[in-house]
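Scrolling down, you'll hit the structures one after another.
Here chain A shows up in two complexes: once beside chain B, once beside chain C.
And now, the complex of A and B:
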């Protein structure tokens, strides 16, 4: 079995916890409950004939009051950065977190999630911002924890990039 | 551990461990109920805490360093959340410290303290979300207002092209040349947008000049020329006092685009940098565009001839430094000339 630690990162209230709840427990709740600290969930999946045991770290979102401890990233195999495109500020936060991760632990497999796809008509991500994300070379997946869109794909894309490496 | 300390630990929901040589931890305090579920049978023996609490994998290296430094000040792990046997969340914090020659690790179930912290942060973050939404809404509405300002300004620009021979394409090119200059000078986006709209309005005051003078084919008499010169002040009066930045800039340009670097221009005889930079830019791009295009009363000069003539006007008429910037942008200016060359360009695209 391949054990891998992956982290979900992003601004507060972008839906990191909801994505994990949807993926691990097939649940969704509309109410926003802020995460304080770290929650760890486990999920096993089969990919390319191998069993992967994912340890999914749900890390409290960044805001004016809290920042991500770099120690959280130790032993991480890859990460997902979640953006809420209805909030342009979360895009800026995503970029700064991505830079912080690269500076702290170097280049690792990553996926960008454009979450809240159920609210797509109200997305405010401009074309240049979308192009900038694409130029980074990481997969971009449109997701909705509410409507279960792209959630499984998002994790699979990351596992695909992780390959057989252990955490 | 004596009874008093045991009671304190129980009251504070703290479990006290000391590190053994093999990296395992021995529980020194009584076992709090909440810990039993996570440690299972190892609760009475030495426990591998990183197995029971995977979160500690990101803390244990820092704790080791802390113990090696024999530091008696507690080092916090930060909070993490576990789920107990009933499916309830338990928030735990670890603290590493060196006490009496032993590496000690405290595990603290934060209980109510955590719930209060969550409630507090929840309120703050909901406040931030509301603030973000409001700022976003203000930005969107500001953009709409800006677009309306631009639409009004463009309508004004189109008025001038009905009165004299200047084509719509000419006024549009003036705006684009001027915006390119602003960008090269490192202006912010707002100023660049403003001059793109404002520069084409430089001759808007001609609307107040009688046709017999404005459209006269021959040379103007000194009286007629004096009237013609008034288009600068008429334009400025039309545009000023709106408190709309783009129209304020347009008023400056309308008033000062015939001022000359050596002070021999009109209407006020301003010298050098007394002339607003927006007007100095507009003077350069207006002259350039007028020289290289044909008019009913004159043939077009080649670009080389135009630039030579403009070069001879630096220091007397034109700002030499800005002219240098202009020369550096010639490939851009040529592209604008090529792209914007239809008489009806203005009416179609605006």
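And now, the complex of A and C:
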């Protein structure tokens, strides 16, 4: 069994906790829990005949007033950055988080999640921004915790990249 | 084998004495007696050697020995019984004694658990907190117990190995180890000023989490109860040990936990616990109960015996009373019998008396009847001689006195015979004179005589006086003489 630590990062109220809840317990709660520090969940899955045990660290969102505790990132194998396209500011935060991680921890497998796919008509993500994301070379997954869209795929993409890394 | 003499000679030339030795050796192997003798001289040492080498002798011999023993036992069990007797006897006794002691101890424990105030308090606590009684009992008697041990990879916060003691509910240790690391980082980030300070103790009620940091791995133990000082030292030693043995693996850790499975015994050594030393008390409760039962039994037997004795006593009394009653009845019977005898005797006497009376009265009657006849004859034969033409009566006349006496006797006798006599006095006159005078004279004479008799004491009602001419009189009384005649009638 391979144990791996992954982190969920992103701005406040982009839906990180909801995504984890959907993934771990397959249960969605409308009540948004503002995570103050960190919350850890576990998910086991099979990939390439190996059992992976993901320790998912749900790390409190970053905004203008609080920054991510970089200590939580230590030892992680990969990360998911969640963006709420209905709020363009979360895109910028995502980029800054990505930069921060690269400088503090180094180059690691990452996945970008465009959450709230159920509200896609209200997305405000511009095409150049989308292109910029794609140019970074990380998988981009459209997700909706509410409608359970792309959640499994998002985690699987990351595991795929992790597996490739450990090959 | 020997070949031709030439070849034999050639052999001798080539091998010399060695060939003889070879032949001797060959002979030794071929001759079973010499061969077994030579093996016998070394077989014990050989077995010893092999046994010391790899213990193969035991496993090879075991089935043979087993078969030999079962064969011997089935052939002659008594011999084995005799051999084992001195061993088995004490062993069985000891075993029985131990079993009894254990049973008593268990019984006492059971009583204590079900009867003592403390156990009821624990039961209440268990009910209140929703835990099982066993858990509560364990917690209450515990000084401390290391419930869980986490070995955590320091950098990733991933769980390398986890052990926990029995009766402990362990929730997702991977998540806990992650959270422990996160909290560690959180505290360090938030409060620590110097770089090397680490969170090493967490407390929550009765639970204490001790965290021992190594350069590559962290050992966290969850302790319930009062943490002893030596535990910390033991943790530090364990962490050092782990780092010594697994330094490389820890450095190269990429998520494969199976590398650290061999650490489990080392971590399990940390699962120590200390319970309150229960002073070894004699099982009073069990003794008490047994004594109570014995007492109750004794009391019951005593009561039963008492009841039996009372019953016997009652029976005796009843028998006695019956005997007395019987005796009384007997006496009464005797009395009645004697009374009966007496009555019979008196009846007999009475009967006798009656008979006698009857006899006497019969005799009397006969005598009276005879006397009556005699007296009647005497009276009827009596005669009073009147003087001529006279009717005077001399009361002193012996004939009259005798007549009076006879009449009195007659009266008495007739009375005894319950008869009333009547004496008819008939006066007569001779035929001298005229008839009228004679008639009157006769009447006078009868009357006078009657008067004289009455005067002498004869009751008047007995006497009737008639003159001879009175009509209806019997003729034999009518005489032609100067006399009176008497006729006695009894009614």
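Structural remarks
We take it that the second predicted complex is superposed on the first by the 163 of 167 C-alpha atoms of A that agree within 3 Å, B and C clash if a C-alpha of one lies under 4 Å from a C-alpha of the other, contacts with A are read in each partner's own complex, and residues count from 1 in each chain.
Operating definition for what follows: a residue touches a chain if its C-beta (ideal position, glycine included) is under 8 Å from a C-beta of that chain, and two chains touch if they have at least 3 such contacts.
Since the model is a prediction, treat every value here as computed from it, not as a measurement.
Overlay on chain A: chain B and chain C clash in the combined arrangement. Looking at the shared chain after the overlay, A:124 reaches chain B, while chain C stays out of its contact range. In the superposition on chain A, no contact is made by A:104 with either chain B or chain C. Contacts of A:153 after superposition: neither chain B nor chain C is touched. Within the superposed three-chain model, A:74 lies in touch with chain B and with chain C [touch as defined at top]. In the superposition on chain A, contact is made by A:87 with chain B only, not with chain C.
Judged by the touch definition given at the top, the superposed model places A:40 against both chain B and chain C. Of the two partner chains placed around the shared chain by superposition, chain B and chain C are both touched by A:55. In the superposition on chain A, A:12 makes contact with chain B only, not with chain C. In summary, superposing the two complexes on chain A brings one listed stretch of chain C into steric overlap with chain B, and the stretch in question is 187-195; the others among 7-15, 43-51, 115-123 or 187-195 show no clashing C-alpha atoms. Residues 37-38, 40, 55, 69, 71-72, 74-75 of chain A contact both chain B in one complex and chain C in the other. Chain A contributes residues 1-5, 37-38, 40-42, 53, 55, 57, 69, 71-72, 74-77, 166 to its touches with chain C in the complex. Note for the complex: chain B touches chain A at residues 54-55, 57-59, 61-62, 78-81, 91, 114, 117-118, 121-122, 124-126, 128-129, 132, 136. Across the complex, chain C meets chain A through its residues 153-159, 172, 174-175, 178-179, 182, 185-186, 188-189, 254-258. Taken together, the chain A residues at the contact with chain B in this complex read 12-13, 32-40, 55, 63-66, 69, 71-75, 87-89, 124.
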